[in-house]
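Here is the structure we will look at, set down as structure tokens.
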Amino acid sequence: MSMNMNMKFEPKIMAFVCQWCTYTGADLAGTSRMQYSPYVKIIKLPCTGRIDVQFIVKAFEEGADGVIVSGCHPGDCHYTSGNYYARRRFEMFHELMSFVGVDMRRIQFAWVSAAEGRKWAELVNEVSKRVEELGPFNVFHALREQANELNP
Amino acid sequence: MKSYNSSIVTKQGLKQLIENILAHKYRLLAPKKSGEQLSFETILRAEEVVLNQLLRTMTTLSPKEVFFPRTEPVLRYTGQEMHDVEPPTPETVLFGIRPCDARGLELLDKVFTWDYNDKFYLKRREATTIVTFACSDQASVDEHCFCLGVGGDPTASSGSDLLLSTNGDDAFLLEVITEKGERLLNSCKEGVELQASDKRAADQLEAIKDRFVRKQDLTEVRHKMPEYFDSDQLVQETYRCLGCGICAMSCPTCHCFDIVDEPKAGTLGEGARVKNWDACSFALFTKHAGGHNPRELQCQRCRQRYFHKLAYYPQKFSEESLCVGCGRCSRSCPVGLDIYQAVTHVLGKGRA
Amino acid sequence: MNSIHEVREEARKLLEEKRVGMVIGYGKGKGKKNYPIFITDPQKVEELHFESDCFYNLAVYLRKPEVCSHGKLAIVVKGCDARSVRGLFSENQLKSEEVVMLELKCDAKGIGRDKCTTCRVKNPLTPEEKNPIDGEIAKILAMPMEERFRFFAEEFKRCIRCYACRQICPHCFCKTCIVEKSEPQWISSTPSPLGNWSWNFTRAFHLIGRCVECGECARACPVGIRLDILNRYLAKSVEEKYQFIAGMDEKAAPPLTTYKQNDNQDFIR
Amino acid sequence: MARIGVFICWCGENISRTVDVVKVAEAMAGVPGVVTSVEYKYMCSDPGQKIMKESIKNDALDGVVVALCSPLMHEKTFRTAAEEAGLNPFLLEVANIREHCSWVHENKEEATKKAIAITRSTVERVRYNLQLKNITVPITARAMVVGGGIAGIQAALDIANGGHEVVLVERTPSIGGHMAGLSETFPTLDCSQCILTPRMVEVARHPKIKLYSYAEVESVSGFVGNFEVKIRKKARSVDTSSCTGCGICQEKCPQKNIASEFEEGLGKRKAIYVPFPQAVPNKPVIDRKHCLYFTKGKCKICEKVCGPKAIRYEQEDEIVEERIGAIVLATGYETLPATFFPEYGGGRYPDVITGLQFERLASASGPTSGELKRPSDGRRPETVVFLSCAGSRDLAKGISYCSKICCMYVAKHAMLYQHKVHGGKAYVFYMDVRASGKNYDEFVRRAIEQDKAIYVRGRVARVYEKEIEGVKKLVVKGADTLLGEQVEIVADMVVLASAVKPSVGAAALAQKVGTPYDQHHFYSEAHPKLRPVESNTAGIFLAGAAQAPKDIPESVADASAAASKVQILFSRKEMERDPYVSMVNSDRCFGCFSCEAVCPYRAISRKEIKNRSGEVLKVVAEVNAGLCQGCGGCIAICRAKACDLAGYTDQQIFSAIRGFNTTSTYEEEVVKK
């Protein structure tokens, strides 16, 4: 989160993507010169199956306002089944996150294939817009600020 | 130390005193209900102090946290630079602790000064005036209390600056113990009706003693403890310990801490070196970097705690044990472990 | 088994015939609360005791090295504890041939808290059909998002990191917990609002599909954090989504270690 | 303290147009541990690489970040360059500021800020990069070819002639595939069996080829160079080693009215049978579904008449295991059956047949010995209508693609018909004629010009039966789109050039070997242009019509190409793999084996940790680096964080997350300047 009086809110959105599908899809969006919101930053991983929920929690701890998790469509996993396990993990993560009151509009899971540069661009724009509208993730940022105050 | 100076104060007067403390911009800490727990919290309005409650129920965690917080930074860093940290030390009144807690602070003083003067602890001590409530209410003493067995006294004044005790239904006895206490009282007694008295909290001692279930004297135990170091009985007594740290964290005298570097979230290269509560019952407490753990089993860790309380500390500092008999550890232990019971069983001095 | 007498008899036989090296059960001091006891001497089986306030989940002791060193073990279990033991089997922490379960029906009066009001395994062998409605969960679900967040953030803030929740949990069997791992330190070990949130969140996540709802974590917590609500909610979700109840079938794979090709993905774009 | 070099590329204007690369370099120069931060017009050019290489040496760098295009473009280039300069190549990371930044953003300030964040995050990550070494794995120089059609035969022979052992697995009792059943082949009209059967015999005789006919792949585990394959040898009920192939059993078998698969249902066979006279192996098999002994429990005539006593009723399926280094999938195709086309009367009228059935009618070894006769009544067909694109390019039938071979074989069929039925009339309904091969168009022209096939451009709407003068005729109603009028042809026979599709079970096999396939279940090639015979899974190659509709010369070319890929692989004793594999810290591991459950490669095994006196202290997970493909699923499931993935360690990701979310005031100032 970075916000100050004269500046507009520029959300920090972290994207955890698999290198085979979504990363390549985002490359395709680039080579196709599709224009999209600059707030989403990508961390490349081998597979959605590698994505630990700790990554997402950490992203919020460090100040993210939103998170995207994206990889190969079911059936397309380079490692055959990584995204299937990930799907269950994220479903339960979704359950727990919303139960403890995290607005799940801040976290978007998506399947974006290497051919879906367009979908990637749309996803980024959609999530950016949504998080911009939701504003900074203040309830979570407050925890960090309190923690930092505790250890000034 | 001044000779004693007691007065009777009404409930209303006590309330006024509290209001005056707040009005004089002291930070006031007193037991307050949070959730189902009673804990020391910052008091903003006098009515938040519920006297009946604090007389009858002991806080889950001891007041040591006021001086030795569960976490505090000892230095800060920005990039390559390091900065000293000065502990924030607002003038504080700690209200409503028990005589055992107050005594615990005196024991801690020795730990934090014997080879190095821990400024974080000491500055807070200096800035804090302690108003103790003697365990003079019918319900102040429960079946876990055993201060009498470790050299304590439910009406004792040591470690306190002011000592309160009940005096009939709606009045209290207020004793000035130290100059610090006197200073506080003098600065805050405006509108508080004080009626001089020759009574002392200690007058009630004999009556209160009767309420104790646990009266076994453990003070001499330290001489016997070494014989029981390898005792099977002690192992039996502590076999069910699960190695959580509740006993240490709720204890008024456990003082072990861990030092870790905490990067400041949301920044790079900034952070603090912090001191966090630790506990000898944690499996990692003595684990060496190479993987060896000299206290491999939980009963060994439990033994360490008992020995530290009852044998090592007395050997090192004084004839007093490091346990003040507040009973918090056995009250909170999720598997019903009990230092008093374990030690009395093992030493064959009878059952509780 | 129907009564503590049968349990004692069985325990005596097991010990006498050296089929087990230790019996873990409930004992009782004179006029005192019950507490876990460990019996190796067949003469002492009379110390075994059982009544409605035997709330401990003794399965936690099955992973203690000093207990395991006694070889095969027998353990007195209520329904919820039996689920734990089976869960430990399914996660390769114990071999079923090394543990004898002495199962007892539990009437769970007086233990209090929702743990027992929502319990469905009072009789370990014939679990009841449906989870009773859980008022605590309903209360949370009725809150708007931010209120929920504040509620749990406030709960977690109190955490002093004594780790009693972890230590009393039979399923938190990691030798070194994630919070004790540095490089990277995913979860700060400092009791601060941020690290506390991550710690309690992560522990709940790690118990998904594994927690048997024994409620011991909430009972143990010295600062009264309602960890049980979280775990019960997740157990309920797991059952609804994957028709999985932890610790019912030791052969069944925990739900996050398996998948179906047609698993729900409504939440995925 | 790290010594990191940051090298930022302008990519001409590709990056510099929207990213202020000078500012990025300036911002990175202020990051602790960064000892050099420079930009250059074309970092990937020789002079650009030289800047980096010299800096690696002169500044004693222990980490490098190159900020430029996607790592898929140039990661390899720069890692090789770094290695040449003496730096472990895995200490270099790419920050993608082109595809993920300059090309997708217009606002220069925003793009610059994002480029700084991306580069900063990569710098934070690279601090924790480990010096990795490629993994070498031994290669078993032994191939398996699945499918014994022409593609499989060619691939097997080429590999075997290259000196490597081959295991050839064929599902049916004989190799030969569809080609064995064809009459003559376009565009030369030479006899299919005449060119194929010598190859089949060569396979049978080849000392390097081990043939499993009537067998299927049961399972495949392992990885390139080291596959463990289980093959199910289906019970033939005949001991092939003692059987001499004399044929007496087949002759005496009383069950004689079974539709022959080889004859496309137009001929009959026995319950014990050799599919066709030139079959390889030339050993019979008992069809247990039809055998009297197996269905009724009585008969056993074959056993009685068998001289060498080779009949084995009690035989069971047998699983054999083979160690294989590379696999060629050549499982071929099938065509849609006539019954798929009710509008054309397929399945209802016996004289509506498919192209493959026509091949059998026209074949000298076929059920009519090459004489053209109607299946219904054996009459010579005076008029035949050929329908091309039956199902192909027809979205209503679910097939979007062109079956490719039909145009040519329809022309061939028209020709063969004219050669066999002088004066007969051959009509061809077509959408387009696609004859783009060597001598192909000439061949079609010959059919039209010399053999007078009548080509009608248009589609057939329906075919129905009509009795004319006591003979059942087929009325073909369609449109001639060139003339713009309806046409109606009274024919004796209708031949459907029905669409080509992958063999049944192609997808199941792909799942067993772990290679992708498309929506039609054709196997997917790794790259449509540059890697047409490789699959995306290392060590799995593709040949023939299993990948897409193909004619014989293409299938053979594919097969040889796949064989040469296999031989390239086999030319080395071991191969190098990137080192991104999982590793387990056995001190932290407590043996829940969740990792084992989620590992798609069976790369996790159980290891006992013992003390000095040999007692087992605990059982922990261990990763077989040869099997591990580096997906990282085990790490995400591990609660104790006992495993980690080289190249994508938790610490690297942790630092990258921290690097992204943090913008120092210094960096913000640089942007604002």
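Letters A, B, C and D mark the chains as written, and numbering starts fresh at 1 in each.
Just so we're on the same page, a contact is a pair of C-beta atoms (placed from the backbone, for glycine too) under 8 Å apart; a residue touches a chain by one contact, two chains touch by 3 or more.
Bear in mind that the values here come from a model prediction, so they are computed numbers and not experimental data.
S.K.: Name, by label, each chain that touches both members of the pair subunit A and subunit B.
M.R.: C, D
S.K.: Contact counts by the stated rule: is the higher one at B-C or A-C?
M.R.: A-C
S.K.: Find me the chain with the mean Cα position closest to the mean of all the protein Cα atoms on display.
M.R.: The most central chain, going by mean C-alpha position, is A.
S.K.: So, what's the distance in Å between the C-alpha centres of subunit C and subunit A?
M.R.: Taking the mean C-alpha position of each chain, the two centres sit 33 Å apart.
S.K.: CA centre of subunit A versus CA centre of subunit D: separation in Å?
M.R.: Centres of subunit A and subunit D (C-alpha means) sit 34 Å apart.
S.K.: Centroid from C-alpha atoms only, then distance subunit C to subunit D, rounded to Å. What do you get?
M.R.: 49
S.K.: If a residue has to touch 2 or more other chains to count, which residues of subunit A qualify?
M.R.: 54, 58, 61-63, 81, 85, 89, 144, 147, 150-151
S.K.: Residues of subunit B touching 2+ other chains?
M.R.: Each of 71, 262, 265-266, 274 in subunit B touches at least two other chains.
S.K.: Counting only residues that touch at least two other chains, what does the list for subunit C look like?
M.R.: Answer for subunit C, listing residues that touch two or more other chains: 176, 178, 186, 188, 190, 192, 194, 256-258.
S.K.: Please categorise the chain-chain contact pattern as a line, ring, star, complete graph or other.
M.R.: complete
S.K.: Quick one: which bits of subunit B touch subunit D in the complex? Just the residue numbers, please.
M.R.: 79-80, 263, 266-269, 291
S.K.: What part of subunit A is in contact with subunit C in the complex they form?
M.R.: For subunit A paired with subunit C, touching residues are 53-54, 57-58, 61, 74-75, 81, 84-85, 87-96, 98-104, 108-111, 123, 139-140, 142-144, 146-147, 150-151.
S.K.: For the complex, which residues does subunit D have touching subunit C?
M.R.: Residues of subunit D touching subunit C: 587-588, 590-594, 597-598, 619, 637, 639-641, 650-651, 654-655.
S.K.: Mind pulling up the subunit A residues that touch subunit B in the complex?
M.R.: For this pair, the touching residues of subunit A are 61-63, 144, 147-148, 150-152.
S.K.: Once bound in the complex, which stretches of subunit A touch subunit D?
M.R.: Interface residues on the subunit A side: 2, 12, 14, 24, 26-27, 29-31, 33-36, 38, 41-47, 49-52, 54-55, 58-59, 62-64, 76, 78-82, 85-86, 89, 121.
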